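Just dropping this structure here.
As written, the chains take the letters A, B, C, D, E and F, and residue 1 is the first residue of each chain.
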Amino acid sequence: MGIHAYFRSLNELERIIRCPGKFKFEEHSVAAHSWKVVQYAKTLADIEEKNGATIDWKKLYEITSSHDYGEIFIGDIKTPVKHASPELRALIQQVEEGMVYNFIEEHIPQEYKSIFHNQLREGKDDTVEGLILEVADKMDQVYEAFAELQRGNTEKEFIVMYRNALVKIKNIKLNCVKYFLDHILPDMVNERILSSIDIKRITEEALALEGASN
Amino acid sequence: MGIHAYFRSLNELERIIRCPGKFKFEEHSVAAHSWKVVQYAKTLADIEEKNGATIDWKKLYEITSSHDYGEIFIGDIKTPVKHASPELRALIQQVEEGMVYNFIEEHIPQEYKSIFHNQLREGKDDTVEGLILEVADKMDQVYEAFAELQRGNTEKEFIVMYRNALVKIKNIKLNCVKYFLDHILPDMVNERILSSIDIKRITEEALALEGASN
Amino acid sequence: MGIHAYFRSLNELERIIRCPGKFKFEEHSVAAHSWKVVQYAKTLADIEEKNGATIDWKKLYEITSSHDYGEIFIGDIKTPVKHASPELRALIQQVEEGMVYNFIEEHIPQEYKSIFHNQLREGKDDTVEGLILEVADKMDQVYEAFAELQRGNTEKEFIVMYRNALVKIKNIKLNCVKYFLDHILPDMVNERILSSIDIKRITEEALALEGASN
Amino acid sequence: MGIHAYFRSLNELERIIRCPGKFKFEEHSVAAHSWKVVQYAKTLADIEEKNGATIDWKKLYEITSSHDYGEIFIGDIKTPVKHASPELRALIQQVEEGMVYNFIEEHIPQEYKSIFHNQLREGKDDTVEGLILEVADKMDQVYEAFAELQRGNTEKEFIVMYRNALVKIKNIKLNCVKYFLDHILPDMVNERILSSIDIKRITEEALALEGASN
Amino acid sequence: MGIHAYFRSLNELERIIRCPGKFKFEEHSVAAHSWKVVQYAKTLADIEEKNGATIDWKKLYEITSSHDYGEIFIGDIKTPVKHASPELRALIQQVEEGMVYNFIEEHIPQEYKSIFHNQLREGKDDTVEGLILEVADKMDQVYEAFAELQRGNTEKEFIVMYRNALVKIKNIKLNCVKYFLDHILPDMVNERILSSIDIKRITEEALALEGASN
Amino acid sequence: MGIHAYFRSLNELERIIRCPGKFKFEEHSVAAHSWKVVQYAKTLADIEEKNGATIDWKKLYEITSSHDYGEIFIGDIKTPVKHASPELRALIQQVEEGMVYNFIEEHIPQEYKSIFHNQLREGKDDTVEGLILEVADKMDQVYEAFAELQRGNTEKEFIVMYRNALVKIKNIKLNCVKYFLDHILPDMVNERILSSIDIKRITEEALALEGASN
């Protein structure tokens, strides 16, 4: 088969669930995660551009949307495994890249091979696009973990994920990181939390209202 | 709130399911659909570019990834409703655009408003990028409907969706459409279908094998 | 097809989920909602009857059980959309009624057409049955939103839904509304909330017990 | 607590799934089933009324909507168990009725007790309303089982359920049963089944079309 | 059919959900529950053996892994029903055992019948293995209920389940019960509960960190 | 923490889904799989014992029930990855064993450490117990894949899984393997497949019956 084999394979990332094994109130597929990373990155790049940077939009488009494509072949291996040893980590990445490489060689027609090898390459390098991808990827971990913690999830993993992602982000030297830390993160942390007391008060307020509502 | 309100809202598209009400073996969120459209469009644009077209990658990035963002406000209204009358269709689109507009005005800081108004605009125009978005969007309907029909779904809606999407695609004058019709669609239609007879044969073949396997 | 087309269509309301897009700990289908409205209405009508009203039970049966049947054609469009403009609201209702009308004309045999047109009509008028339907419909929003808030859901939408439904109910002049406000709502609001402290106490109490239990 | 305890309990039937343990492509809650029975019964009674019968609509409303309320206390016990012995069957029904009775005595205020005892009574007697309930209840088994078989479910239980329900229905002497057997069942059985061959043909037809579609 | 009928039937316990009807944040199948009971029992027997007891491991293996096999035939009947009357309880257990008996007689080849009758027998007797099974079975109720309460579930049923299971356990005279009460239960009850205040603090700590993390 | 940390961790295997990424009509958790392996192995060992073998039941109990416990730490890594290179396979197994080892060292009290190191060891050795575990593990792949293929799943992965598992089993020299191939597998393959034609026939037969049924 040809490019159809690639298009058909995308569906698999809708079925790979992030953070397997841990209890969560809401599951996230790798496909949905990838879309959110694409969206964050677009805005982060807008902020960066506004601050004078030059963005290679084609590159940013390619590396953000495909950054987890390799998980089709290896699944969402648990993070502690990836980091159990530098040797293992390197080997897993090597296998993942090898499997993506083989997939392209086997299925993609000759004339498009180089385009696909480029498109599905590892994108987290030290260019501004590579760094924005890194920030956007970690930012989704922050949002995922925050939502779980806010709803009362008691899995320790989400505290660790939230903290590590924040630390990773703050150490990246970009204007959009400064914007995130100064404007976005405070809004997130200050979101009002509902409590049972509220229900009583909301009820009383509603009943005290005069006229009708919508 | 500021940009956080926008980032937070993305999560909603993970919970809006396409084609509500119809029986399906596999559900697709608008977020996952959006990601697949982003991926198809990238390859379609590569094909187009290879055939001599010039692609505005920033624009393509923006309009593909955000093309269903407005569904956060209106949900995935059933297609027949959208097309019940030209008057209603126009009004619903107008409301959707109005709600996106208001969201930006209310939540996005002044300095980023124009960027967001541009980023979240309706993208299906007659430029090559707008047409590629249209092809990619319909192509996902083809893939979704094909998978349901192949698994034995008997909902008439998926035949209609499959057929209408194909007709929409074939009428768009792009090189990538020709490529799709000549190379991708035939591979899809010719995929082997398994049958119960196969199980018996596979069993017999496996038992007839000599040595071990993996 | 004939009445079979109608019976078969009922299944679709089991797949349309209320309040699409918002995070919820528990999903509710329109079918299950419809059944609960039928049950609330029956008791509300009993209360009303006990207070001297005369109930047209056939009418109440028809309008409560079918009150959301039209969502088969339009889905559960998000409430803000419905109310974005009086013009749009009227048009959507008009389209919904038109699609129900067309369905009957197309599928129901001549001799039963008038029965179906009557049975699937909009029921929220100013008669006691129409008002009871309105109360029962809003009461289910109160129960849905309350359960989410009580479990720690932090979506603002459920506060709004809870409050608006309460305000709608209290402005309806029926004896059953008075009964709801005086006897049912207080029981709901006063439900004991569990806390982590309880777990410790429950454990200690259980261990302090003498003899066996069930 | 009072009537609130009853209203709150309704939610439980949304979580009790019919036919537990068997593989099914689509699950049905007892709440959704109850709503469909309410809807079938309304139309069956319309047919009966058209043929000269007199319907007690209040009674029909009560017995159809509440006919599985007792499952809140006992769950959806597997059918073979219910029928393992006449002795057990009688005892289970007795326990179910006893638990409903106790619930009413414990929670419902004195002035509404008799209404609730009447409303939640066993409704399958030999009156026209009782017989319509029996037909509607079995008709939902026919629809449930048919949909599973049509999608390729290979559980023998659904053949048995389909067959037994049909036999039960055809032995009930009502005009609406005759209507069901003459007009509704044939439409159901004759529904077109899709096959993989169709996909190829649909594709070719779509591509052969001239002008555009929706 | 022969033993295949038994192997195939195991799959059904993956689809029977414990505690039907009650709201829960996480569902547990009878299959998963059975596996956890097997695992608890193994460790409890290790503790018992370490304290001098002699364990019949074959028996323990058999009775723990098959202790809920009969639910294939009767489903997870709600506990209150089982205990509504001693008469009913005895009758239900009798029916369950009868159905397991008949299944073996009908499907298992003559030469293996006695093995299966022994393997699928009721195992909760007064031997050390029977008592360990009872402890392990109740211990899973403790874990299930604790997790729900910890996440904020407000269903009273889980308090009752937690308390009753604890009382049942503490009245069994085994060394492993003493170990559970002295070492395992305290660890469980003392698990740290997260609160919204933590999120703020975790954020501040993460941002205050110097160097990078993994 | 102590043994509580181990007991609590078991819950994670209820959330790790086998064969991630592939479309399936029915999902299986590693916990449910583990239970089925325990059950198959028990019967396989009975067959082996009947044929003269001596079974170490304690060992069989331990190795079957815990054989996938390590997946708590690494997840269900896709099979192709595990086998991408002998080097990687060895390294992954080494990491998995290392993480189990560390878990025991960190959480299990000194006096129980050796018991846990033994209990959670890799069990697939060349003893009769190790071979039975291998057969039972592959047998569950046969059952899983067969059920998917029978329901019309078109994922090639299930054909591969089915075939490879069969080949693995048939090459193991045990009496229970002979029994499986001679008696169990044929029953499985010969299971009747339903078709749409059946529905028509079943309907006609049901309607042709005289008296009542169930």
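Just so we're on the same page, contacts are C-beta pairs under 8 Å (C-beta built on N, C-alpha and C of every residue); 3 or more make two chains touch, one makes a residue touch a chain.
As the structure is a computational prediction, the values presented were derived from the model and not from experiment.
> Taking contacts as defined above, which has more of them, B-D or A-F?
A-F
> Please indicate which chain is farthest from chain B, where distance is taken between mean Cα coordinates of the chains.
With centres defined by C-alpha atoms, farthest from chain B sits E.
> Taking mean CA positions as centres, which chain lies farthest from chain A?
It is D whose centre lies farthest from that of chain A.
> Please tell me the distance, in whole Å, between the geometric centres of chain A and chain C computed from their C-alpha atoms.
Computed value for the inter-centroid distance: 37 Å.
> Distance-wise, how many Å sit between the C-alpha centres of chain E and chain F, to the nearest whole number?
Those two chain centres are 20 Å apart.
> Centre to centre, by mean C-alpha position, how many angstrom separate chain B and chain E?
Taking the average C-alpha coordinate of chain B and of chain E, the gap between them is 45 Å.
> For chain D versus chain E, what separation do you get between their C-alpha means, in angstrom?
Spacing between the chain centres: roughly 33 Å.
> Check each residue of chain E and list the ones that touch at least two other chains.
11, 13, 23, 25-26, 147, 150, 152, 185, 193
> Between the chains shown, work out who touches whom and classify the graph as line, ring, star, complete or other.
Shape of the chain contacts: other, as it matches none of the listed patterns.
> Following the definition at the start, I'd like every touching pair of chains, please.
A-B, A-C, A-E, A-F, B-C, B-D, B-F, C-D, C-E, D-E, D-F, E-F
> Which residues, counting only chain F, touch chain D once they are in their complex?
On the chain F side, the touching residues are 25-26, 147, 150-152, 191-194, 196, 198-200, 202-203, 205-207, 209, 211-214.
> Spell out the part of chain F that touches chain A in their complex, as residue ranges.
Per the touch definition, chain F meets chain A at residues 11-13, 15-17, 20-23, 72-78, 80-81, 84-85, 87-88, 91-92, 95, 98-99.
> Going by the contact rule set out above, which residues of chain C touch chain A in the complex?
23, 25, 79, 83, 146, 149-150, 152-154, 159, 162-164, 166-168, 170-171, 181, 185, 189, 193
> Spell out the residues on chain F that touch chain E in their complex, using ranges where they run on.
Per the stated touch rule, the residues are 1-8, 10-11, 13-14, 26, 28-29, 31-32, 34-36, 38-40, 42-43, 46-47, 50, 55, 57-58, 60-62, 65-66, 109, 111-112, 115, 119, 139, 143, 147, 179, 183-185, 187-188.
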